[in-house]
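Each in structure tokens, the structures are laid out below.
Both complexes shown next keep chain A, but they swap its partner, so chain B is in the first and chain C is in the second.
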Partner chain A sequence: MPNVISQRFESFLSFNRYRYLWVALALMVVAIGCYVFAPVKTEHNGGTWFGYTLGVISVGLMVWLAALGLRKRLIRPGKWSQKGRTSAHVYLGIALALIATLHTGFQFGWNVHTAAFGGMMIVIVSGFIGVAIYATVPSKLSENSGSQTFVELKSQLDQVNLQLDKVLFELDGPPLKLGERVLKTDGVLVSQLRALFSQVALPVFEQFRDSIQQARDAGAIERDLSLTVLRLTQSKAALVKRIRLHQRYKALISIWLAVHVPFTFFSMLLVGIHIFAVFYYW
Partner chain B sequence: MQHTVEEWLALIPKAIDLLSPLSPLQLRDFLLETSMRHAKAGEVIFEKGAAGSSVFAVFAGGIKILIETGEDLLEIPMGAGQMFGEVGLISGRPRGSTVVSSESTILLEIPRTALLKLMLSQERIKNYVDDLVATRMFSQVFGPSLSDESKKMILAASELITVPPNQYLITEGDTKSDAYLIRSGSMVVERELMGSTVFVTYLQAGAVVGEMAALMDGSRNASVKATVKSEVLKIPKEALIAALASSDDVRALVESRMESRIQVNDFITSNKTQFSSAVEMNSAIAGFVFENGLGEATDVLVINENLCIGCDYCEIACAESHNGITLLNREAGTTFEKLHIPTSCRHCEQPQCMTECPPNAITRSVDGEVFIADTCIGCGNCERNCPYDVIKMERAPEPRSNFLSSVLFGLGPGIGHRDRRAVKVETSSPKLARKCDMCKGIDGGPACVRACPTGAAARVSVNEFINFNEL
Partner chain C sequence: MQIKLTTIIYRQSGRQTRKVETFEGPKLSFGRSASNDVVLSDRSLPVKCFDLDIVDGVVGLRATDNDTKASIDGVDLKRPEFLSGESQAEFKVGQYSISLGLSSDQDMVLVNIDPGGSVGYTPRYGPGFRVRSKFASLLNARFLSWAGVFALFALFAWYPFSSEVASTTTLSSDVSDQAPEVLWASGKISSAHHNFAESCDQCHVEPFESVTSETCSNCHEALPQHASALLLSLSRPIPEGLDSLEGLAKAEFGIEEGGCASCHKDHNGDEGVLSMPDGLCQTCHEGLDKRLAGHMGAVGFDDVGAFSAHGDFKYLSVDRTGGEITLVRSALSPSKRDQSGISFSHEQHLAESGLVWEMAEEQTLTCASCHALDVSMKNFKPVEMETGCGGCHDLAWGEDDLGQVFRLEHNSLAEARYVLARELSLASLNDPGSVRPNRADGNRGVENLDAKVTEILLGETGLCLECHESALNDDGTRLDVVTISDFAVHATFDHSVHKLEPLQCNSCHDAKGSTEAEDVLMPKIEVCSTCHADPGVSHRIESDCLMCHEYHATPPVFPKLSSGLDAFAARLVLEPNRGGNEK
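Up next, the complex of A and B:
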């Protein structure tokens, strides 16, 4: 994209000249400074006055970060921008990782407290993956589909299938059997996981092409017919590849949320138990 | 002023020249579409740069047009019988100057469509308005020093030409030497350099082209092509030279403008090799923009595909802001170099949707957005007239269920349904025309842009990204 136009866009990462990156950095520097210099009587842990302070800040941040899911669904008038919210969500999420770590005082163990910390870290790490995906996958998605929409790709596939069906009708013998399998490889996969891990270049197309070529060399198929079949198979293979790649990219864009969102609720539950335990065994 | 209707019908055409050719019956019909308004002394009628589609005639009192020339503010007074605000009528451009009433004034405000209709049916009125628009444009182009005689002289010599889209008005290397004033539509200026066509600049209504060849006796050094259907006034070389000879100020203004254009030309020629790829990219993008009819757009939603994750929150936000109906289709539309133009209203300079609206329900608001008022009767003319397929005829959807019950229990139709009609439609409600109104009246502006989580959506005007200066 030319500079002239790309200047008109500002990504959520660079929102408002990296405003929230600076906020997060400042927060982290202050937290580290206090950690080093705070006049704590014992060694650092969650139970000192400083540890409690960090804990309260962490819980506040967690609840606020989790509220993004609600806030984006509440589309109301006003001067808000979801891009700014995402920006704050990303950078303050990173700050949370540090603040919560300082809150632990680096005391880990096989207990509910560390479990709460671990749950939260899974959410933050999956968030990192999400940011990396958001930063790289959209351009690949765009390159793959070009100026065509997914619906257009699928209707193109339907047309190729129709033509292929017609010519397969004229085929006989072994190529027909393979041909039927070629016809069946539809591009629509249901689950995201299948979209992620399914092949994009299917061997059945190669096999079918080979068998058609062999049949032609043996004189079993007319040359014109074989050329039509080969051409159609080739466009179908290309289309299926594009459609499957499209689905893979789309799946990548949302699959990380399958960890990020449930673990958000799970870690909030664990943090709740952690807080209850702290006060119950006071 | 207490008058009966008949008395008013006799008074109005006497006071306002424009309406004198009308019979009392025609006048009666016409006046029903207009409104009379009073302005106190010093009241601002409209401001420069504002979008406005109505034309005003002074019935009694007086106004002044404030024109900025460099640092000076020039006031052009106008009295009873005169018209103003008509330039936007033809060109579709925002108001060119601020107008303030100089005394207690009575104005007749005429909606754009009403006057256009009148011009279609009355040849004399059409000529009157055309001449008036041309003269006013001359003042804008040649400066306020241009005398009335010169204006009349140019007007008499000039000729109105319609240029179809993508047709060349001027061809590079040609030896014809007339100048042209763009009255409506827009044009691109291109040059042939080292075997490729390079985009130089984009011109909108109110600009003059070709005066360089007319004044310097050379061949054309660039081509000019219409991006949309445009109207130009052809000003013969002799008339232009005579006009410049009549006033030093006019001559100075035109020459200084020419000088800056020569600089741009030299810059392109000398830096072509250096900026080769940038120049070509800019030319390619300009080509894409104009091929897609964006030359007449005033505000377009564009999506940066390097950032778009396809979450469709732009569509959801649109539906949330417009009774559950989304007025944009993100995935559809055209794409060029990761720049995607979804199917959504561009708020054209000369909206074709407006032309055949029986209740005149489609208008441009003061902020520039073209919107459909509640008076829509659902005839579907605008849907058929829109070349960009952005108007939909839709029934009203069911009201939304409450936020909590939709989020917690999935009771719909609720939040996140980009199209609530998919859930249930009020079959009793009529199908009405619906299109993007740029979230008119909604605090915070267009919801599609606000709701984008990654910053992929932006609204831009065409000259913002088609500008040689940014190269």
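Up next, the complex of A and C:
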């Protein structure tokens, strides 16, 4: 009998029976409790002993959360779980939002201190969006591209384009004009932006198909040629759709990373300046 | 008739070759499409361009369809007979140069085609598809991180710091709220310190060192001390638990304990400089009586933690028990009397009929008839004899035959005696019968002058005893009246902000029911608590310690008043003496 190892799939969100969710909740409850009951003589703000305590905890959490990027690059033997670390990253990130807010004492202004807080909150809020993206997009991405890689899809599109371009020598009038548009439908910079916001299927393909059929009916082009053109158009339409979906999913992840990662560094820089400024004008 | 087609082919090596094909007539089609006999690989040309036609031995060109232009390079495509009388023709179609001619034996049409260069299919949309697009490289997290970090560092670190260094040398008079230091300030600076907004180092003298009281006192000179340093240190509770940790941390970071900054915080925007929130008063005042027991006699130190825990108000009053005049500060009680030495009744003066009413030309006096606010509009001026009482109590002691009334100035008794004796002597010298003292017997002249003066001033119906109680000193020369103009020496009260309907004077001071001058007409704390309450109580005015008490106030000094102390001297000492001479 083969030795079957049963391994239940567990999301990073539910890692170890939501261990880090409970840790984060406990941390938040303690923080709120202390905020309400701490014997602070003046109003709450970052400058009381309690405020400094929350500040130290916050900056420690920030550095630890940001170190996820280092952790995943330092693959070493030993007992550690990237999934566990990611789980902790998500839940303690939520706790950080609360602890840092309590650290501010709800005093905000147009200054480096609030900028540091704002940068950190952008990272955390984008983190929520990131959890949603990473929970859905990767499966859609692999579903869309099937067994093919993006390079293979692109290579197929190049082939279709080459054939379509040659076929255009045989066309004239409106079919040629529409054909030129169909041929051009894949510019990457534009398509990636468009793919984010617009439909993946484009009406020009339909128009081109119709015009070919009309031309064939009118006897302007031969049946064989029309079949070739229609086959190429159909192939291209399918490829463009898949590539655009691929681009859309990749762009979502890229944009998310382009917010979450840089703002992590921004907020760490601003927190650094914030701490320096506080002690400089002590 | 045959057609011989000669095409020049430009090789990539630069060499030219010729390709010769022979077609059987009578027709040869030209165009872009591969379905033509002659393919013209020029995207600018139509799919089908034109036909070369041979009809009955006549060679001509014919447009294939209406899309083709009627003429090509001057050759009319609608006239197919151009070679009937001519031996050859040349024209250009797109990039192609085409020449037509007849062979020497006239039985073959010669067609030469020169494409003018390399032709053939060149893919326009081939493998130019980049895997990594420009868009993706713009989204590169590392690039964005570096760019943003540089930008934010420049804005939040380099800019404020460089301008901070610059501002130490020039203090701009035009201070804007957008000064670069604002980016580093924890909040907007108060309007009082607004002039320093651009030069942080005025207060933050040394980097990484907290603001010291010494720096504050450069401007805020000679502020009255709340209490002596010894008393303050005894009042502060010994820190325990977290407080002791806080104390240790403060010592470690060089933060002054008990300095200006422990109560005053700037950078609070429009709220201004925060002054001693309640909690800080309570630090010492909660349990103060217990901590000071045995040290200062603990007299007068209450255990006050909040407005609701505030005990009865204590007011000053004059006590003459046992012939000694002393000032007593105690809570209101039926036995508490203010023995000022004045014979007076508020009830009588506010009555709507009677002697006072008659003297005031049958008008009822009001509080404002005698009491007036001082320049601060917060407190009432002391009632002066001349302006307050003198309107009715005019110290008239006699009149002459002509009806002229003789009055005394309100001065010391000795002075009054002197003036009166002199006036009586002078009158008797000039005309012994002219002046009639109205408060002595009719005996005119200077006999028994001293007794007469005494009778006028201090007799049973004497001038002075209208208001002064008969409290004579042994030597009979002084009338010791001690009035208190500030009953609550540890508190401030602003009458102007209490001028609100339906509040009237008698809402707090029951003057109409006061039959004796010794009544203390100050309100109990219950009167205040109809409107005032601890912070957080709804529908009441949030009242913290500083609403009524000042921290920087000189503790009042109660003089030991002995019998016979000069009334005016006593009154001077008891003028309100609060608030610092802050510059």
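We take it that the second predicted complex is superposed on the first by the 217 of 282 C-alpha atoms of A that agree within 3 Å, B and C clash if a C-alpha of one lies under 4 Å from a C-alpha of the other, contacts with A are read in each partner's own complex, and residues count from 1 in each chain.
Methods note: a contact is a pair of C-beta atoms (placed from the backbone, for glycine too) under 8 Å apart; a residue touches a chain by one contact, two chains touch by 3 or more.
Note that this is a predicted model, so its numbers are computed, not measured.
**Q** Have a look at where A:125 lands relative to chain B and chain C in the superposition and call it first, second, both or neither.
**A** The answer is neither, since A:125 touches no partner chain.
**Q** Output check: A:280 vs chain B and chain C. Expected answer is one of first, second, both, neither. What do you get?
**A** second
**Q** With the two structures laid over each other on chain A, which partner does A:230 touch: chain B (first), chain C (second), both, or neither?
**A** Once the two structures are laid over each other on A, A:230 reaches no partner at all.
**Q** Does chain B (first) or chain C (second) touch A:80, or do both, or does neither?
**A** First partner only, chain B.
**Q** Check the contacts made with chain A and report whether chain B or chain C touches more of its residues.
**A** Tallying touched residues of chain A, the top partner is C.
**Q** Given the touch rule stated above, what does A:204 touch, chain B (first), chain C (second), both, or neither?
**A** After superposing on A, A:204 lies clear of both chain B and chain C.
**Q** Quick check on the superposed pair: does A:150 touch chain B, chain C, both, or neither? Answer first, second, both or neither.
**A** So A:150 meets both chain B and chain C here.
**Q** Quick one: is A:23 in contact with chain B, with chain C, with both, or with neither? Answer first, second, both or neither.
**A** A:23: touches no partner chain.
**Q** Do chain B and chain C touch any of the same residues on chain A, and if so, which?
**A** 150-151, 250
**Q** List the residues on chain B that touch chain A in their complex, please.
**A** 278, 281-282, 285, 302, 304-310, 313, 316-317, 320-321, 331-332, 334-340, 403, 407, 415-416, 442-444, 447, 449-456, 458, 460, 464-465, 467, 470-471
**Q** Could you list, by residue number, the parts of chain A that touch chain B in their complex?
**A** 1-12, 15, 70, 72-75, 77-83, 85-86, 134, 137-139, 141-142, 146-147, 149-151, 250, 253
**Q** Could you pull out which chain A residues touch chain C in their complex?
**A** 39-43, 45-47, 49, 52, 107, 109-113, 115, 150-151, 154-155, 157-158, 161-162, 165-166, 169-173, 183-184, 186, 188-189, 192-193, 222, 250-251, 254-255, 257-258, 261-266, 269-270, 273, 276-282
**Q** Mind listing the chain C positions that touch chain A in their complex?
**A** 32-35, 41, 43, 46-48, 67, 121, 123-127, 129-131, 133-136, 139-141, 144-145, 148-149, 152-153, 156-157, 160, 182-188, 200, 204, 207-211, 242-243, 245-246, 249, 253, 265, 269, 274, 277, 279-280, 283
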